[in-house]
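First the structure, in the form of structure tokens, and then the observations on it.
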Amino acid sequence: MTALPNLKVEGLGISLRSNGVELVTEASFEVQAGQIMGIVGESGSGKTILSLALIGLLPAALKAHKGVITLGQHQVRLSDDVAHPDIAHSLAMIFQQPQSALNPTMRVGRQLARVLIARQGATRKDSVKESLELLTRVGIREPERTSRMYPHQLSGGMCQRVLIAMALVCRPAVLIADEPTTALDVTVQAQIFDLIEELVAETKCGVIFISHDIAAVSEICDDIVVMFGGQTIESGRKSEVLSSALHPYTRNLLRSREVMEESTTSEIINLDLPGCRYANRCPEVHDACSHVPDWVSVDETQGVACHLYSKGENVAPR
Amino acid sequence: MSNKVKAIYSWIKETIRGRHLLAITSTSLTLLLLVGFLLPLFLADPRDTNPENSYLSPALGNLFGTDKFGRDVFSRCISAIRLDLLVGISISALAMVIGTAIGLISGYRGGLIDRLVMQFTDVLLAFPGFLLSLIVVAVLGNSVFFVMLAVTLSFIPYFIRLTRSGVLVQRQLSYVQAARMSGNSSWRVAFVHILPNVVGPSIIQATLVASWAILSVASLAFLGVGIRPPTAEWGVMVAEGASDIIIGKWWTSIFPGAMVVLAALGFHIIGDELQASQ
Amino acid sequence: MLHVDQVSYSYHQGKHVVQAVQKVDLHIIQGESIGLVGESGCGKTTLGRLIAGILAPSEGTIQFLDAGRDIPVNSTEYRRRVQMVFQHPGQSLNPRYRVGQTIADPLRFLRGLPLSEIDVAVEQGLRRVGLDASFSIRRPLSLSGGQQQRVAIARALASGPGLLVLDEPTSSLDPTIQSRILRLLSDLQSSQNLSYLFISHDLSVVERLCQRVAVMYAGQIIELCDKEQLFSNPLHPYSKSLLAAVPKLNVGPKKKRVALRGEALSLSESIKGCSFQSRCPFVHDRCRDEAPKLDLVESRRSVACHLPYDELAATGPRG
């Protein structure tokens, strides 16, 4: 099987069309084929709109004003503000509320078949056959019976499996999963995690796993990217980031498993603050923090955006 | 003084903002009602017959002309305002109160009561309102009172249905259960807690029903059911003046007809606008 | 203090009969808090409502024992002693009622306070949950989720209850607000000598506030024990899977996961034998014939499973 390409995102920025306020200032990461990359951040960190920008589903009020996405031999400059189907069609996405992501008036088998017809140009007969195969592949034990059901007759876990099946139709290079198990029971979450890991092992696609639950991310992901205030502030292998976190925010997140007390919407509105967006909550804040920190690559895999590590100073974590 | 005036002025501006049609119509209807109460004091008695002046065309002396009996059409139209509007409003209000109460109880209690009420509603709705009124009148007798009763009866099912569906939704919400847990009796939960939250659509429906009620009463009067000559009522006037059109005397029926349309339209527009602004 | 004896609840849904709760026994002692955990559809919310008196059991009895008297579940006395806090605070407050009126209701109807004393009592109630008296005239929609839940808690406490049934009270709140409300509940637990029946799918929250835990599956309590016992060594195969599935911060390489297979049984299907048989890794013939009863296997610990205690304990927490 030909190796799937890596997805590289450099300097992605997203802002409001109306007044240019930046919701994502600088996001950069690379998703390796066959690896599961987690994006962790609190609500308002920009992790969801980031994924929407990649797949070309940004709401009309937002636009990507800068950044470059590279997937294999395709590259697109987001500031051109045009659709980028070459890349977007190799990405697939699953969302948080599985039941509401499906059409409530249509049987799930038919919904799946329609995706097959639309994306692969399959005939009706073939689409039915292939949809049953896909349902089996995502672990649904009675595919004929399930495909005749409506979404409200299925549990959240089953619906999410159907959505994963739909995502697989596109044979994606990268599957974006935006909080896919947050609304599901914990035992079902374990099942979906198993499924995602199996599919990655089988197809060698990459996965972007977005979540606010760092424990879940630590269970399923190989690499981690931490986002705060619209910026990727730290990234690296999971073991590196979790055991020797560099950015003060990451350390705080890991130390107190509870979310920090001051996380309110008033923080998010303060997007025009110059300098590092974490400055007013950071225990290590100093003069340099009035400027936006640059990205520093600490070694081959780990990197951080924080003044504590710029210019090669203080590379060793405290 | 001027501060208060300014405050009232800005309150009016704020309420009217974006809802110009609503504002215009409500003002017009209110004016109409005022006119209907005040103007008759200054006009000729609508029942005054004046055979020599029969069939005068509309002119400055008789704005809407005179009819077969020399009665001033204009003063008859104006004096009919009170009757028609009040009839429409009271039928609507009565139907709303009765229908809402039944719908509330039925939706809250559920079970056998609910099923019986629904059957009853279905039966009532099966009859066109007109037919229902005719039947009631045929059975009970041809009088204003019975006609109003009949028309009210034909509108009650709408309110029952509307309120009941609102109650069914509210009943699931936890504040209803919390109210029970706080010690409220079933009656209090239904009337004090749930009712304020479901009555909105009913009020809007009531304005529409008012317009239908006016039309119904006028149409029935046209047929000779309920309000009858010589009472000045728009439907009666249209009935009496209908044959005059052939002889070219259009004003005896067109003006009262136009009043019916205007009044009914007014209420209808208000109802529509309220619904749209919800 | 609270006795739930062989309580069942079933209702009709079209052609099916849904057995939401099946022959549940539960006893809560004064001052003790029990967590009721389980996943969607296990019946924990229904059991909570039965205990709160919102639903009437199809079978069995619920009684509140106070100073030797049995107080039946549908009396005002019971309502005074057992109150409930709901999951969606915005929904549990009447949008047309001001906060003060909402809290005044139980004071009037359950405590019988005369109107002259209501205002003072309402202010007291608000202060107890960390809100100041000015909240009394506010309407629910102008409050944040956390404030709304505080009002709901104040309302529940107004009648001076001994037992509070809390149905996922923090699940729909922001994570930061969640911890504040939990702290409030924890403080009130000691200051007001309250017992909680804390229904949740989140085990960490239950660990914080409760001493004992009951695990529910398919309408039945399948394990009931002290929280330390459950978290260190769950016995029932479902409890093992449940605890194993909760994500824990894992710094090292990925561990092999043994996810529970299959789907939870729909409550409208009744089968012979244990309701967990289709998913249990230890299933054998007896499980298909006979439904296990909740039996005491250790001091303060009951499990509903045919497997003997030694085997269950030996297989360890991850099952």
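Order of writing sets the labels: A, B and C. Residues in every chain begin at 1.
Rule of thumb we're sticking to: a contact is a pair of C-beta atoms (placed from the backbone, for glycine too) under 8 Å apart; a residue touches a chain by one contact, two chains touch by 3 or more.
Treat the numbers as computed from the prediction; the structure is a model and nothing was measured.
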{"item": "Chain ID, smallest distance between chain and overall C-alpha centroids", "value": "C"}
{"item": "Per Cα centroids, the chain farthest from subunit B", "value": "A"}
{"item": "Separation of mean Cα positions, subunit C and subunit A [Å, integer]", "value": "34"}
{"item": "Interchain centroid distance [CA atoms averaged], subunit B/subunit C, Å", "value": "52"}
{"item": "Euclidean distance of C-alpha centroids - subunit A vs subunit B, Å", "value": "59"}
{"item": "Subunit B, residues touching no fewer than two other chains", "value": "none"}
{"item": "Subunit A-touching residues of subunit C, taken from the complex the two chains share", "value": "39-40, 174-176, 179, 201, 241-242, 244-255, 257, 259-264"}
{"item": "Residues of subunit A that touch subunit C when the two form their complex", "value": "141, 155-158, 185-191, 193-194, 197, 212-216, 218-220, 238-239, 242-243, 254, 257-264"}
{"item": "Contacting residues of subunit C [partner subunit B, same complex]", "value": "49, 52-54, 76, 79, 83-84, 86-88, 91-97, 102, 105-106, 108-110, 152, 155-156, 158-159"}
{"item": "Interfacial residue positions of subunit B with respect to subunit C in the complex", "value": "173-175, 177-184, 193, 196-197"}
